[in-house]
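The following pair of complexes shares a single chain, chain A, combined with chain B in the former and chain C in the latter.
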Partner chain A sequence: MLRLLDGPQTLGKGPKFWACFLVVLVAALIYPLFADSYDVGNFAYFLLWIFMALGLSLMWGYAGMLSFGQTLFFGISGYTYGVLAIVMGGGSTTIVALVLSVCMAMLAAAILGYFMIWGGISGIFFGIVTLSATLVLAFFLGQTAGSEWHIGAARLNGFNGMQGMDPLTVGSLDIEGSVLYYFMLVLIVVVYVALRMFVNSSIGNVIVATRENPQRAEMLGYDVRKYQLLAFVIGSGLAGLSGALYTSWGQFITPSSIGLPAAAMPIVWVAFSGRSDLTATLVGSFLLLFGFQTITIYSQQAALVLMGALLLATVMVAPQGFVLGVGRLIAVRWKRWRGGGVAKTEPARLQPDEV
Partner chain B sequence: MTLVEVKGVSKRFGGLTAVSGVDLTVDAGEVHCLIGPNGAGKSTLFKLIVGLYPPTQGQILFDSVDITQQRPFARVQRGMSIKMQAPSVFRELPVRQNIQIALQGHVSGAERDREEERLLTLLNLATEGEKLAGALSHGQQQWLEIGMALALRPQLLLLDEPTAGMSPEETFRTGELIKTFNTGGMTLLVVEHDMAFVRQIAQRVTVLHLGKIFAHGSLEAILQDEKVAEIYLGKTHVHH
Partner chain C sequence: MSAADLFSFFYQFADVFAFLILSASGLAIVFGMMGIINMAHGEFIMCGAYVTVGLVNLGVPLALAQILAAIAAGLIGVVVEYFIVRRFYKRPLDSLLATWGLSLIVTQSMLLIVGSSIRGIGTPEGSFAVGDYTFSTYRLVLFACAVAVLVGLYIIFMKTRFGVLARATMQNAAMAKALGARTGRIYAISFGIGAGLAGLCGALYAPTMTLIPTMGATFIVESFVTVVVGGANVLLGTAPAAIFLAMIRMALNASYGQIIGQIGMLFAVIMIIRILPEGLSSVLVRRGR
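Then we have the complex of A and B:
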């Protein structure tokens, strides 16, 4: 099983890579000892979005399906968590609410994905349909301000959003502050490692084959629709995990976290980072979220303009992603410096327009 | 024993009838070539057998099972394997991974590794394993795709112009390899333009013209058919 941690589908392998991984992990573990609680809370906030980015990387980068629906499943799960946390009485039941919320997002993804994939929707139309579904949910939730829109004691509250749900609690321990930070960190390591093993497995091989040449993959006897649906459900489920964690973190959720500007964000993070690699997505998304938050303190408009400019620059200069391009460049330079020559697969992949 | 039976199959694209009422049988263990001029409907018939197009009418049987409504992957799982006309490989993946993806559904562990090496050596690609498939020459990509088709250990191997873009030496070698596969018990249906290649491999030939079966039989009989030779194959190519 462990040999799947390194494989053809993931950049970064061998003892040096994992040593760097451990250094970063240890730094992340001791960070709360040196930072104030406000910064730790902010970091936990950045980390909760990483699941959504990793899910999009799996769907878009590995399976070749550009889903504009990450915030759709984020919203479904986020609202489900809110409703369940209120209806089930909060407290220690919130962990059940979290699991059920993610299941709900995956079920919704399975239904939508089935009709799209079995209906032969692919390419740009996949993006259009998922975006349409996202906007439908955002508009629907926006008109739920009336008191008739409630599930048990949980009012949906229209554009003002749901509030009043309990944060995650395990036993008598509230998952807030630095506990939340560690909870996120453990979840990210588990999800990242599991996804690495998944994409390097035989199923991952077929998923990548489906992206490269679906007809050839089918001609090798694989029902490509099942593999696409699997990637879509897992990727959307990860967006669902972000959604439930977000609602738990802030104890509120509004339709604006689903609508168009929010839906575009994961695309920008993953495109900038390098959609076809999990590590690049993890690092790039964190850097962008951190940068965005820092700039937002001074000017939210400037932060949004910068995001747009970054997407434009990515498309024009580094269509495979900036972080991925830089990672490959470092790998090539390192090998040259060590006199080990350049890997045979690198020259064709490291096009000048990619870095 | 009949392995493939095409019964009254037609395919229309709007007003164009590409294949019209074709009946064709491929016997188990033979090398059957499908020839004819451009636009004869060879590739369309090939795609109908593979399942890339649904027929407008007619029926296709494989190993006595009606597969007319089955998707390509289901036909492959029954024992077909296909090499398309233009090289169809996973261009952005290494050569070795291309073979692995083809193999992994059928064999695993040490046997998979052995089979991977055997195929790479057989295809003259042993030194190219780490290269991206898209970086191979056109001929090498054809070889790789043949290797991927072979990795499935099919009962029936369908080859659509397998030697397109190959040098005469590579073409000859492909022919010899096809004969080796056939000796091992594999049935082959080959769409081909190159008459020298057809002469090298064919045991039975079907000539298509304007979407219909024009002639069929042994290669000798086809070559002696003046009408076929003059009109569809070009006399100069036939007499040597």
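Then we have the complex of A and C:
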């Protein structure tokens, strides 16, 4: 199992990479000892979006399906968590609510994905249909202000959004502040390591093969549709995890977390970071979220303008992503420095021509 | 069913039809013909609407303001094509990301500069009665404009020299260039026409809706859906697609309300892509041969 951690589908390998990984992890673990609780809470907030970015990286970078539906599943799961946390009475049942809401997002992804993938929708049409579905959900939730829109005691509240649900709780311990931070950290390490093993496993290799050349993969005897659906469900489920954690973190969720411009954010993070690698996505998304939050304090519009500009710049200057490009550059320089001038670049991974 | 009911039915149909045609026609050229997935389409619409309202508030007559707004949007389109879109004719998915970035920049900058809303202009007065119902004249003007746009597009692309060159360029740019067509200029003008039509849509709907910088999002789903259903041949596809979608939308709106109407349209699109991946126009083209 462990040898799947390094493989052809992920950048970074060997003791040096994992030593860096451990240093970052230890730094993250001791961070709350030095920072005040407000900053720790903020950091936990950045971390909760990472799952959505990793999910999109899996779908878009590895499986070649550009889904605009990350916030659709984020919203489905976030609202489901809100409804369940209220209806089931909160307390320790919130953990059940978290699990169920992620399952709900994955179920929705399976249904939508089945119709799209078995219906032969691919490429740009995949993007258009997922975006349309996302906007329709945002529109639908926006008009649920009336008192007839409720599930049990949980009111949907239209544009103002749901509120008043319990945060995640185990026994008498509320998962908030630094507890939430550690909870997120553990989840991220688990998800990151699991995804690395997944994309380097035989299933992951087939998923990459379906991106590279669907016809050839089919000729080799793989049912391309099943692998695409699997990637779509996992990726969307991760967006759902972000959604449920978000609702628990702030104890509210509104339709504006689903519609535009929220739907564009995961695309910006992943495109900027480098969609075809999990580590680049992890690092890049975190940096962008940090930067975005810092600017948002002064002006949310300015922060969004910057996001748009970054997306435009990425596509025009570095279509494979900035963080990935910089990472490769450092790796090449490092080898050249170590190898005394004879640069032996690593064997180039297959790049998708036109995903 | 009385004549008045029948007219009311037609009126509602014409309303949805005009909305779909006007919001989709610009995108039909840019996406359907040129292959650029223009996520900033809604922002060209927004631009048309804002220029119209701005000019009317300065005292320019409405009709003139609308024409000027369409021209302004078209010129901006040419500039955008020159600096950004030009690089993406061979990379359609990247064109989507680039124009989405542009759309974010434009909407949020507008929010920063203009604020969340500006003083609107009322819908032009004027109504007429058929039987027991009264109807707004302006809605029928919109319908007439939609038909005029379709006819105009047909003439431009089928009957003029530019149209022949444009269709040749979209079909095979390298060959057209070898034969002496200035493909760069043709792409720029075509994109400008697309942007101008989007601006016209915004200009025509400006009096009927609240102006906010994010108003483009109201149009974008309908326009993409119409173009996707219409298929690759814009001239043949867009009108039947709009008729088809208007029918579905109207039937569902009438019996179940707006939101079911939207969901129904979404399902219709998924079905159409399933059955006719090339859109409605592929059937019509096959028949024609």
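Throughout what follows, the second predicted complex is superposed on the first by the 339 of 355 C-alpha atoms of A that agree within 3 Å, B and C clash if a C-alpha of one lies under 4 Å from a C-alpha of the other, contacts with A are read in each partner's own complex, and residues count from 1 in each chain.
Simple rule for what comes next: a contact is a pair of C-beta atoms (placed from the backbone, for glycine too) under 8 Å apart; a residue touches a chain by one contact, two chains touch by 3 or more.
It should be emphasised that the depicted structure is a prediction, and the values quoted were computed from it without experimental measurement.
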Go through the superposed model and pick first if A:213 touches only chain B, second if only chain C, both, or neither.
-> first
Looking at the overlay, does A:14 come into contact with chain B only (first), chain C only (second), both, or neither?
-> neither
Kindly classify A:171 by the partners it touches after superposition: chain B alone (first), chain C alone (second), both, or neither?
-> neither
After superposition on the shared chain, which partner residues are touched by A:311: those of chain B (first), chain C (second), both, or neither?
-> second
Partner contacting more residues of chain A (chain B vs chain C) = C
Is A:132 contacted by the first partner chain B, the second partner chain C, both or neither?
-> second
Pick one for A:339: touches chain B only (first), chain C only (second), both, or neither.
-> neither
Applying the touch criterion given at the start, work out whether A:124 contacts chain B, chain C, both or neither, answering first, second, both or neither.
-> second
Dual-contact residues of chain A, meaning touching chain B and chain C, are none
Mind listing the chain A positions that touch chain B in their complex?
-> 8, 202, 205-206, 208-209, 212-213, 215-224, 343-345, 348-349
Within the complex, which stretch of chain B touches chain A?
-> 50, 52, 71-74, 76-77, 81-82, 84, 88-94, 97, 100-102, 104-105, 130-132, 134-135, 148, 152
Sites on chain A touched by chain C in the complex = 66, 115-116, 119-121, 123-125, 127-129, 131-133, 135-136, 139-140, 143, 259-261, 264, 267-268, 271, 299, 301-302, 304-305, 307-316, 319, 354-355
Touching chain A in the complex, chain C uses residues 37, 84, 87-88, 91-94, 96-98, 100-109, 111-112, 214, 217, 220-221, 224-225, 228, 258-259, 262-263, 266, 269-270, 273-274, 277
